[in-house]
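What follows is a pair of complexes built around chain A, which joins chain B in one and chain C in the other.
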Partner chain A sequence: MADDASSSSGCAGNLIDNSINQDELIMKQQREIEKEISETIPLVGELEALSSLEKEYNEDPVYLLKVKDLSSKYKYIRRTRPDGNCFFRAFSYAYLEHLLTDKSEFDKFYEIAKNSKEILVALGFSQFTVEDFYETFMEVVQRVGEQAGGSPDSLESVRAELHDKFNKQGYSDYIVVYLRLVTSGQLQTENDFYQNFIEGPRTVTEFCRQEVEPMYKESDHIHIIALSNALNVGVRVKYMDRGEGSQVSKVIAHDFPEGSKPLVHLLYRPGHYDILYA
Partner chain B sequence: MAAMSPSERRLQKELMSLMKEPPPGVTVDGDQASQNLTLWTVHMEGVPGTLYEGEKFVLQFKFTNKYPFDSPEVTFIGNNIPIHPHVYSNGHICLSILTDDWSPALSVQSVCLSIVSMLSSCKEKKRPPDNSFYVKTCNKNPKKTKWWYHDDSV
Partner chain C sequence: MAEISEKYNTKCPGVKRLMREAMELAEATEEYCARPLEDNLFEWHFTVQGPKGTDFEGGIYHGRILLPKEYPMHPPHIILLTPNGRFEVNKKICLSISGHHPETWQPSWSIRTALLALIAFMPTPAEGTIGSLDYSPAERKILAKKSVTWACPQCGEISALLSSTAAKPITEEEKSVLNQIAFKAEEEQTAKPPEEPVVEPEPQVLESSEPTNSFLDQLTEILVALLVGAIGIFIYRRWNAHYPASETEL
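Up next, the complex of A and B:
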């Protein structure tokens, strides 16, 4: 919940000699890396042929096999900026893009989205902070709804508009924040269930405050399970990592919620999500 | 009047709400904040029945144009800096929501409530163990400190 978040923040200043200046240097370097990423990689990129992945793994026979496996099912990839928000950004972009061509899914989603703010306020999130993010989110959703199922020409222009919005921080980050809140709301509503997924002594609420609501915190299974359940949207994640054994050349897929029909397809590589297209 | 930026709009909204319905013992200097939305002074009273009963504190909030995506810079200022294991004598506060755990859904009001609750749950008035070293070496901006948070339930 948004208010009174002091309970979990204990404190240790910095006890080791010189460590503060060391830390300042590390933080400065961290900010420089973030700056470089934000200057060179768009929030959401253009559609690229899947073969662009091959170039990345020229010298890596295991990954090349995996790319080959992936290309039997997918033709394109759209990259997102690796800023810790990539799951939320990739998910919302891919789903809204899908809704443009699926009016009945849009109608179903619109009801869920419209009611989501009340759920958050009932959980104790403050109305006036949630409102800003909700309104921007709904503005983008409504724009998609107006055009959903339209002619190819009008779809082309609204796709361009969506792409443009997702690359403007003033829209894109608002959407990310709102989906983080919806995810947190789902985790807290189904508290008993999700507690089983949280390692260590943290409560679900503490986990939400530390790992879900703040920007730039990376998403794990639990975030995906919660968001896909909250919005009732099927997500397929293809996991491309250094798995070994007989499946070494395959890219394993996982569907969230289990057994759902996936409308959003994401590629996971350690620490990062991009969008996949058939 | 020039159009407000998103951060100014948000701050304006927060200021109105904090002036209209402040949490108990908290008052914002509305005149000063309206003149400069990026610098607020908040007065805070020690909660009756706690170690800080009867004391008065002053908090300073500084905002960048990236607020609420950037957290506010919050320090105690003035003559009476609370003696507390998470508050350094230069006014810097070690509180995770001010850096790592900041979320754009938090607000000045939720920061004030967290600070009130941090003070109220204190069992022994003392400075952080590394106070003198930290105060000598730290950056003026507490957000440039790499804080090491751990739950010691103080």
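Up next, the complex of A and C:
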């Protein structure tokens, strides 16, 4: 009996091992691709005219129609590195940039941001590691606050500073980590509600540990819903994919949370988010 | 600590984080202790107490923690130095999440998380994972006894490194994390490929020239044999053509 049990568990162990080896091979290849991307694409790029999108789709009539539709509402695009963190990076960059010109929104956000750490610690996250990310995040937020609503000249220099910080891996990734934690905190606090969005047998906590908290994990609707609710920030996402039907020439928009006034505008193309500017 | 802050750029998040962790772990506990080397914040030495109620009970195990420059975005590596019968010594092992989600290290975890996970993982079956050893309980118990007198060239007698103070209790969050973490050695393939092409071309040339040589040899042998045969047949025919008459004459 005992022998039977151990040999069958041994088999199960081997199966798991094989799948891990497969996973490892895939991950190794993925890491090589990631390395190449990180060497060629900045974390957050410069402002570009929306027409730069047309060049990408020169021979693609469906997408060209969509770019045309997009250009009726937006003039510029700012690209982000496709490293799985793009939603968080694009969102935080665009929102902080907006806050520079909106002092009352900044004051509202500052209160929410200041209290966010306590929520995470109360949920059981380790105090000193959360504090580490929180401090870097707040350092950048405070720099924005000092200049918010200032003269165009002072805004120009703080914009350059922001751009510089978002392209420094240390700062940039720390901001992403903190927003991932805030997102996870929101999902776990409103556990009952978000459970409905999760496919399969995973609990909200498991989902957070596997899909939200680790770096480089791509964001889905559920991440955007949670973060926009946690920070009470309106986000409009324009979805540009190969959608068919009567809407074929239109780029569909979604606002998060529903009915909110969007302050951040993002362009979604399958697997990736960039920032849009009117 | 003062020396470290002079030497490193404290604006760099990894450095700031590690200095914070060094402070957090400054006091040794009963279960574990860890501190950075005096001259390198990115390499630590640690000591852990073998988990009670297991083959490792009473054992004290010492090792190194190597922190990647991207820490805490990427996980630390652990190298055990004290023979223990569960992990190979002097081999880099890393954390992964057991099951189907390997390498989901989270930046909000810390060196403490890694050490707690290591202690929790020691009694789990080795199951042939790379870097794992499957010693018998008796062998592990002997190693546990021996480990007490083991000394690290840099840190000295390891039994003197732990204290009698209990560590901070494990939180619910940590408990759920610890159950998921597994350890195994890195795939060595990553290190090998660059070496192979350098070493291999020579034997390859030798091997590839040898078969062609022997093939040529064989071919000439066959040709020579055919030629000899043909000449033989030719002479035999000539001989036949000349001598039947003389035979009949005789």
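Some notes on this structure:
One rule holds for everything that comes next: the second predicted complex is superposed on the first by the 250 of 278 C-alpha atoms of A that agree within 3 Å, B and C clash if a C-alpha of one lies under 4 Å from a C-alpha of the other, contacts with A are read in each partner's own complex, and residues count from 1 in each chain.
As a convention for this text, a residue touches a chain if its C-beta (ideal position, glycine included) is under 8 Å from a C-beta of that chain, and two chains touch if they have at least 3 such contacts.
Being a predicted model, the structure only gives us computed values, none of them experimental.
Of the two partner chains, neither chain B nor chain C is touched by A:S52. Of the two partner chains placed around the shared chain by superposition, neither chain B nor chain C is touched by A:Q29. Looking at the shared chain after the overlay, A:N232 reaches neither chain B nor chain C. Touch criterion not met for A:T101: it reaches neither chain B nor chain C. Looking at the shared chain after the overlay, A:S38 reaches neither chain B nor chain C. On chain A, the surface patch touched by chain B in one complex and by chain C in the other comprises residues 10, 13-14, 17, 20-21, 23-24, 27, 125-126, 128-130, 132-133, 169-170, 173, 177, 181, 209-210, 213-215. Only residues 12-14, 16-17, 20-21, 24, 70, 72-73, 96-97, 99-110, 112-113, 125, 127-129, 171-174, 176-177, 180, 187, 190 of chain C touch chain A when the two sit together in their complex. Chain B makes touch with chain A in their complex at residues 6, 10, 13-14, 17, 68-69, 85-86, 88, 94-97, 100-107, 109-110, 113-115, 117-118, 121, 128-131, 133-134, 137-139, 144-154.
Chain A makes touch with chain B in their complex at residues 2-15, 17, 20-21, 23-24, 26-27, 125-126, 128-130, 132-133, 169-170, 173, 177, 180-181, 209-210, 213-215. By the touch criterion stated above, chain A contacts chain C in their complex at residues 10, 13-14, 16-17, 19-21, 23-24, 27-28, 123-126, 128-130, 132-133, 136, 169-171, 173-174, 177, 181, 205, 209-210, 213-215.
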